[in-house]
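The following pair of complexes shares a single chain, chain A, combined with chain B in the former and chain C in the latter.
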Partner chain A sequence: MLEEKFFIRLSALFTYSLIAVLAFIIIVIFYKGFAALNWDMVLKTPKGGYYYGGEGGVLNAITGSLYIAIGATLIAVLIGMPAALYLNVQLIRYRRTQNTIRYFLDALWGIPSIVYGAFGFTLMLFFGMNASLLAGIITVALLISPIMVRTFDEVLCTIPKGLHEASLALGSTRTETAFRVMFKQGFPGFITAVLLSFGRGIGDAASVLFTAGYTDNIPVTLDEPAATLPLAIFFQLGSPIPEVRDRAFAASIILTIIILSISLGARLLSKRFSKTNLK
Partner chain B sequence: MGNPYFSPNNSEQLRVLRATEPEAVLRVSNLNVSAGDHHILKNINLEIPKNRITVLLGPSGCGKTTLLKCMNKLTDLYRELKVTGNIYIDNDDILNTTASIPDIRQKMGLLSQRPYPLPVSIYKNVAYGLKLKGVRDKKLIAFNVEKHLREVGLWEEVKNRLNSPASSLSIGQQQRLCLARGLAVKPGIILADEPTSALDPTSSKIIEDLFRDMKKHYTIILVTHVLRQAIRLADHVIFMHDGEIIEQGPPEELFENARTDKLRAYLIDGN
Partner chain C sequence: MQLRRQIIDKLNGFWMITTLVTILVLPLVICIGLYIKAAPIFEQHSFLELVFTSKWEPSRGIFGFWPFIAGSLYVTLLSFLFTAPVCLLAALYLTQFAPRTLIRIMHPVIDVLAGLPSVIYGVWGILVIVPFVSALSVPLTGSPSSGYSVLAGGIVLAVMVIPYTLNMLIEVFNTVPNGLKEASLSLGATMWESVKHVVIRGNYPGIISAYGLGIAKAFGETIAVMMVVGNVVKASGNPFNAAYPLPALIANNYGEMLSIPMYDSALMFAAFLLLIIILVINLFFRLLIHKTKRL
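Presenting the complex of A and B:
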């Protein structure tokens, strides 16, 4: 009894410690960056002398990050959804092949993002491209695709096999079962997977360091370089000027708000679309 | 046994019925199923009479569900299963045919142990099968949705909330909805795999009553390990044990004059 109480309290301590870490991160970045946060930060691009404490904001990095994350997420969904459905519907009889594919996807998931960045950089050189929005989008898409496929896969794995069989027994083909039943049942989970991958994409610095480049302008075409929030934070945090370092924390607040909003949105949408689902 | 289904009158009626033996709608010949070294079904031979309730009876793990899954080729989903033999439906051997599997499956409605409504509304669940059949006329779909919901006695309970999620129904209602959904594809045979095992006694009785009514139009193959349910519903009984058919025939013959020790032991334990 005493032993059980001890382990319950220990588990509770670890659980609340993790939540406390999140709270602590938010408090620190708000404490350090709130004073520097203003509408100019969000609505203006850097003007001359911004990195020496001059006026301007990080609109270039906000839009660049959103462009890259949205583009990469769209590509990853287009790759990930059919791949996950193929894995769970067409390969349902081939467990060994399924497991082998899952192993490779997990390995891809575990590769550090800087390696993706280096790979993207090599591809850029091979195709004679410059650091650009397109190169950033492709690299981040490669980074988040395995995450997306495996998360979709996990969602599909939770769908009862009986539902799959019920659909086939009605005379559906495997493709009809995949798109009309499995997709529908998994939809709330897919939304969560998409938004979490988006969050990963928007927050990654290493993969875009060599591929997207950095610019003070908002990219208009795909072959222009694009700034990103993580790199904006990185560059400003390395500045010897205190005002610029404070702006790095203000940019961190913006990035954190975007990611927390996405996380909240994922939960709300997931709840909204799970109403018709088989419980 | 004191059961009305085994009164001398009923036995007499059944004898008359047997004289005009119903045609077999499904015939299984030399069916064997194995998974690696494990022989799940051993040389199964049987005939399923038309417009009757055939009960596949036997203890858990004896191969009843596997036999049912062979009948609508759901065993195809399990690569480890090796299926040999013949299953004839309308004189077509479904195990060795080039006919499309969805077409074969639409000849049979499946009712599983627990209901699996599709993740859509009540209306769309029943309409799903019709759409698969290529029905596009909305009036015809609406007509058939009502018809089949009435057929399973669900219409009055759901007519004002057809657009509600199917998952909002009680589990007994969900099972009837799954039956209506299966009937919408116009099957000749209903495969019911312990369809009342997850239901309360009231919902179970509704399903059993439905089966009795439905046998006028459908051939029902019911898997159960509940002896009392078999006694209440069966027109024809197939008793299985350890992957083999031990005895088969009319219920009064099997239940009153069991020939084998395995069936006798099962009847004693079941009672």
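Presenting the complex of A and C:
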């Protein structure tokens, strides 16, 4: 009896402590960075002497991150969405193949981003490119495509088979079934997959470290290097000057807010879109 | 009209299968790409020599990866020691005992914890964990430490891996049929006894797999660990000392790797090694999960 009480209490404690840890992380980040956070941080690029505590902000990194994450998400949608649909429409009769593919995708999900970064770098050298927006976008797209496929697939495979069969029985081709029925029915899952991949893309540092480079300007063309928010935080934290370090903390708030709103948005949107689904 | 629909169907089917195949051959392409870049170093040193010697002098062409591998293993092991009990008990609580409202709160909490970028964990580690470890070092070991240490890396890593392992454990425990547990309860076992003997014992493969995948995830984590672990090349057993994990080696030296001969091959070898280790762990434990799921 004592053992039972002890372990249930302990597991409750651990569970609640996870909430506490999350709150702790967010509070620490906000508390520490709030002093240096102002509109200049969000609206200005680094001016001369910024890295010695001078004027400016991290607009270059914010836009760079957004460009990379949006570009990569677009590519990942182009690759991932049809792949997930194929897995659930054309392959629906082959359970074994489906499971094997899911198995490989799951394993692919586990590859760390630094490996993608190193691979992106070799790809870059192979094509003779420099560190640029394009190289960053491609690397991040490779990183998030498996995530996109697997997340979308999770929702698609819960769609009742009857819906799929009904559509085929009415004479639509498999493409029409895939896009007009399955895609529409799985749309909430699609939104979640897109936002999840976008969040992963915007927050990842190790993959863009080699490939996107770093610059104080806002990139205009695809072959220019681009700064990213995680790297901006990382580099500024390495500075010995307290003002610059404070700005790293402020930039952390910006990144945290972006990630939190993506997470919140994913929840709200998927709830909203699932209202129109066939039940 | 009919013809057009069929042509579209064919074209589209082709496009769809191309994308799927592209994604599936991706790991193979990555392996080959990294291997080709790492090949020059294989011509001079054998694989075993690279992995198990510990002399690291890139400028003289001596590459021994052992200190980095050991550093990675050490940090990963520490993080595993922290995650394992927390995840197991929290997953049990959430699937067996918790009130419904708590489950509803915990879902977004786990999602956000899993979604926070690693650099944020790194900042948090520098702000909280590093000073904490530094304060602990004097009473515990007698010698002061800067706090940038294996222990700090292990703690930060543990917090990052917890949501990942926890999610998988919850999934594993949710597949236990209710009838099994009820049978145990009806035979007079208490709730905890049923959980211990039915839920835990019946799911050894699932639990081990979740842990294994968590370890693989921890092993490859880069930025957050690199920010708190100190990055000093020396292998020592003291958790309050700094270490230099393998991913941090790659991330820290990309800038100078083209200026020293063979250095780029060495770093690509490190990435290759990392990929192989993690891929093997992943394939093995995922197989275990997939096999048990089908039963």
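Convention: the second predicted complex is superposed on the first by the 262 of 279 C-alpha atoms of A that agree within 3 Å, B and C clash if a C-alpha of one lies under 4 Å from a C-alpha of the other, contacts with A are read in each partner's own complex, and residues count from 1 in each chain.
Throughout what follows, a residue touches a chain if its C-beta (ideal position, glycine included) is under 8 Å from a C-beta of that chain, and two chains touch if they have at least 3 such contacts.
Everything quoted here is computed from the prediction, not taken from an experiment.
In the three-chain model built by superposing on chain A, chain B fits alongside chain C with no clash. Once the two complexes are overlaid on the shared chain, A:E176 sits against chain B and chain C alike.
Touch criterion met: A:G162 reaches chain B, while chain C stays clear of it.
Comparing chain C and chain B on the residues of chain A they touch gives the larger count to C.
Of the two partner chains placed by the overlay, only chain B lies in contact with A:K275; chain C stays clear of it.
When both complexes are overlaid on chain A, the residue A:P146 reaches chain C alone and has no touch with chain B. In the superposed model, A:G265 lies in contact with neither chain B nor chain C. For the superposed model, the angle subtended at the Cα centre of chain A by chain B and chain C works out to 100 degrees in steps of 10. Touch criterion met: A:I101 reaches chain C, while chain B stays clear of it.
Once the two complexes are overlaid on the shared chain, A:L85 sits against chain C while remaining clear of chain B. Of all Cα pairs spanning chain B and chain C in the superposition, the closest are 9 Å apart. Chain A residues 173, 176 lie at the interface with chain B in one structure and with chain C in the other. Only residues 1, 3-4, 7-8, 10-12, 14-15, 17-19, 21-22, 24-25, 28-29, 32, 78-80, 82-83, 85-87, 90, 99, 101-108, 110-119, 121-123, 125-126, 142, 145-146, 149, 173-176, 178, 196, 199-200, 202-206, 209-210, 230, 233-234, 237, 248-249, 252, 255-256, 259-260, 262-263, 267 of chain A touch chain C when the two sit together in their complex.
On the side of chain B, the complex with chain A involves touching residues 72, 74, 76-79, 102-103, 105-106, 108-110, 112-114, 116-121, 128-129, 132-133, 165-167, 178, 181-182, 185, 191. Those residues of chain A whose C-beta lies close enough to touch chain B in the complex are 92-95, 160, 162-173, 176, 180-181, 184-185, 275-279.
Against chain A, the residues of chain C that register as touching in their complex are 5-6, 8-9, 12-13, 15-17, 19-20, 22-24, 26-27, 30, 33-34, 36-37, 85-86, 89-90, 92-94, 97-98, 102, 105-106, 108-113, 115-124, 126-128, 159, 162-163, 166, 190-193, 213, 216-217, 219-223, 227, 247, 250-251, 254, 267-268, 271, 274-275, 278-279, 281-283, 286-287, 290, 294.
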